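Shared between the two complexes below is chain A, which has chain B as its partner in the first and chain C in the second.
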Partner chain A sequence: MSSLQGYVDRRVLLILQDGRVIVFPASKPNANPQGVMVGFDQKSNVVLSDSKERIYSIDAGVEEAPLGLYLVKGDMIVLIGELDDAVDQAVDLGTIHAEPIPPIRY
Partner chain B sequence: MLPLSLLNAAQNKPMLVELKNGETFNGHLVNCDNFMNITLREVYQTNTEGDRFWKLKECYIRGSTIKYLRVPDTLLDAVKEEQNRARDAGRGARGAFVSGNRGRGAPSRGGRGGRGGPMRGGRGRGRGV
Partner chain C sequence: MLIFSVFKTLTDQQVTVELKNDLSITGVLKSVDQFLNIRLDNIKVLDEARHPHMMAVKNCFIRGSVVRYVQLPSEHVDTQLLEDATRRESLAAVKR
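And now, the complex of A and B:
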């Protein structure tokens, strides 16, 4: 059985059905276990501490909006992936211009 | 930590609920259940565009319509502490149960049974899974 247990206390990236990208970035290297997935349940509902939303746009760099302690319903989740800290921090988000992910439409 | 234990601990705390259609509800949590159905009081509702607002005394939200909940950061520490307390208390209580209840139904073998003797582990916590 596939499980989210391996992501607990890790920094993860979430993509939701409405196209939002939520991350749990430790803003400073080696900052304590902040910005991590703290829990989940059978329905893939997840709890994320110190989360941020990454807002992509074509004509501006990536903006990070702090969200704080978040409980996301499993229904809405498209993808959960572990973030590679080193790689993630090597990226200068301000220089990245990208089309936002469109929401799923039924 | 289970999402629902966080939600339970959020009772009487302020929270923001966004529905799948984008409407948001700001209010204090009155009650919730395992489906994540919730009731809020003193609610500010906004429409999907975020340009219209309503004030509601109280409202009920069906869990299945919720996209996410945003709760106060301080709640995380509160729940962790509560869980630690519960775990410690549980450990203490179970310890007492094992040593105090040896007599009940156990073969009468010198009363308490020595530590690590053949009785040990006889009546445990079920078979586990």
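And now, the complex of A and C:
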């Protein structure tokens, strides 16, 4: 069973069907764990605490919009990835110019 | 059900998953479930320059419904066995 169990209490990145990318803020070293996946169910609906959306564009660096506590319906999810904290914090988001991820086309 | 079994035999193999948003991700297949949701380890996005979004992601869970193709390592798929199993399954379906 390929379950989401391994992602609970981890910092994760979500890609949604409409191409949006939702992540969790880099927690400072030794700070309380925050910005993590707090729950999921059989239909892969997930609940995320302290989430942010990362908005990518060609003309400007990556922008982060705070979203807070979010419930994402399973059918909207494309991918859930576990973030490597060290790598994520080493990247200066402001310098990244990239096309947004295209929406899902059936 | 047959394809589910095929995927189960392919765990720990390197596969490339193409998604319906044109993202292609290579990684080690860790597990599959009945919806063909896929868990990959040690992932790499194929066109990383165009898609830097997943730079810091080391492993991921992909929802089965958004997968367009999965490229399998051909040396680990016994096509003859697969053909036979397919025939057997369709025969069983006819009998029922």
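In this text, the second predicted complex is superposed on the first by the 102 of 106 C-alpha atoms of A that agree within 3 Å, B and C clash if a C-alpha of one lies under 4 Å from a C-alpha of the other, contacts with A are read in each partner's own complex, and residues count from 1 in each chain.
Everything that follows uses one rule, which is that a residue touches a chain if its C-beta (ideal position, glycine included) is under 8 Å from a C-beta of that chain, and two chains touch if they have at least 3 such contacts.
What you see is a predicted model, and the numbers here were worked out from it, not measured in a lab.
Superimposing the complexes on chain A yields a three-chain arrangement in which chain B and chain C fit side by side.
In the overlay built on the shared chain, the residue A:Gly39 is in contact with chain B alone; chain C does not reach it. In the superposition on chain A, A:Ser49 makes contact with chain B only, while chain C stays out of contact range. When the two structures are aligned on the shared chain, A:Gly94 is found in touch with neither chain B nor chain C. When both complexes are overlaid on chain A, the residue A:Glu82 reaches chain C alone and has no touch with chain B.
Between chain B and chain C, C touches the greater number of residues of chain A.
Of the two partner chains placed by superposition, A:Pro66 touches none, neither chain B nor chain C.
In the superposed pair of complexes, A:Leu4 makes contact with chain C only, with no contact to chain B. For the three-chain overlay built from the shared chain A, the minimum Cα spacing from chain B to chain C equals 15 Å. When both complexes are aligned on chain A by C-alpha atoms, chain A residues 75 touch chain B in the first and chain C in the second. On the side of chain A, the complex with chain C involves touching residues 1-4, 7, 13, 15, 17, 19, 21, 44, 54, 56, 74-75, 77-85, 87-88, 91, 96, 98-99, 101-106. For chain A in complex with chain B, the residues that touch the partner chain are 16, 18, 38-41, 45-47, 49-50, 67-73, 75-76. Looking at the complex, you find that chain C touches chain A at residues 19-23, 25, 30-33, 37-39, 43, 50-63, 65-66.
Chain B meets chain A in the complex at residues 1-7, 20, 22, 36, 63-64, 66-73, 75-76.
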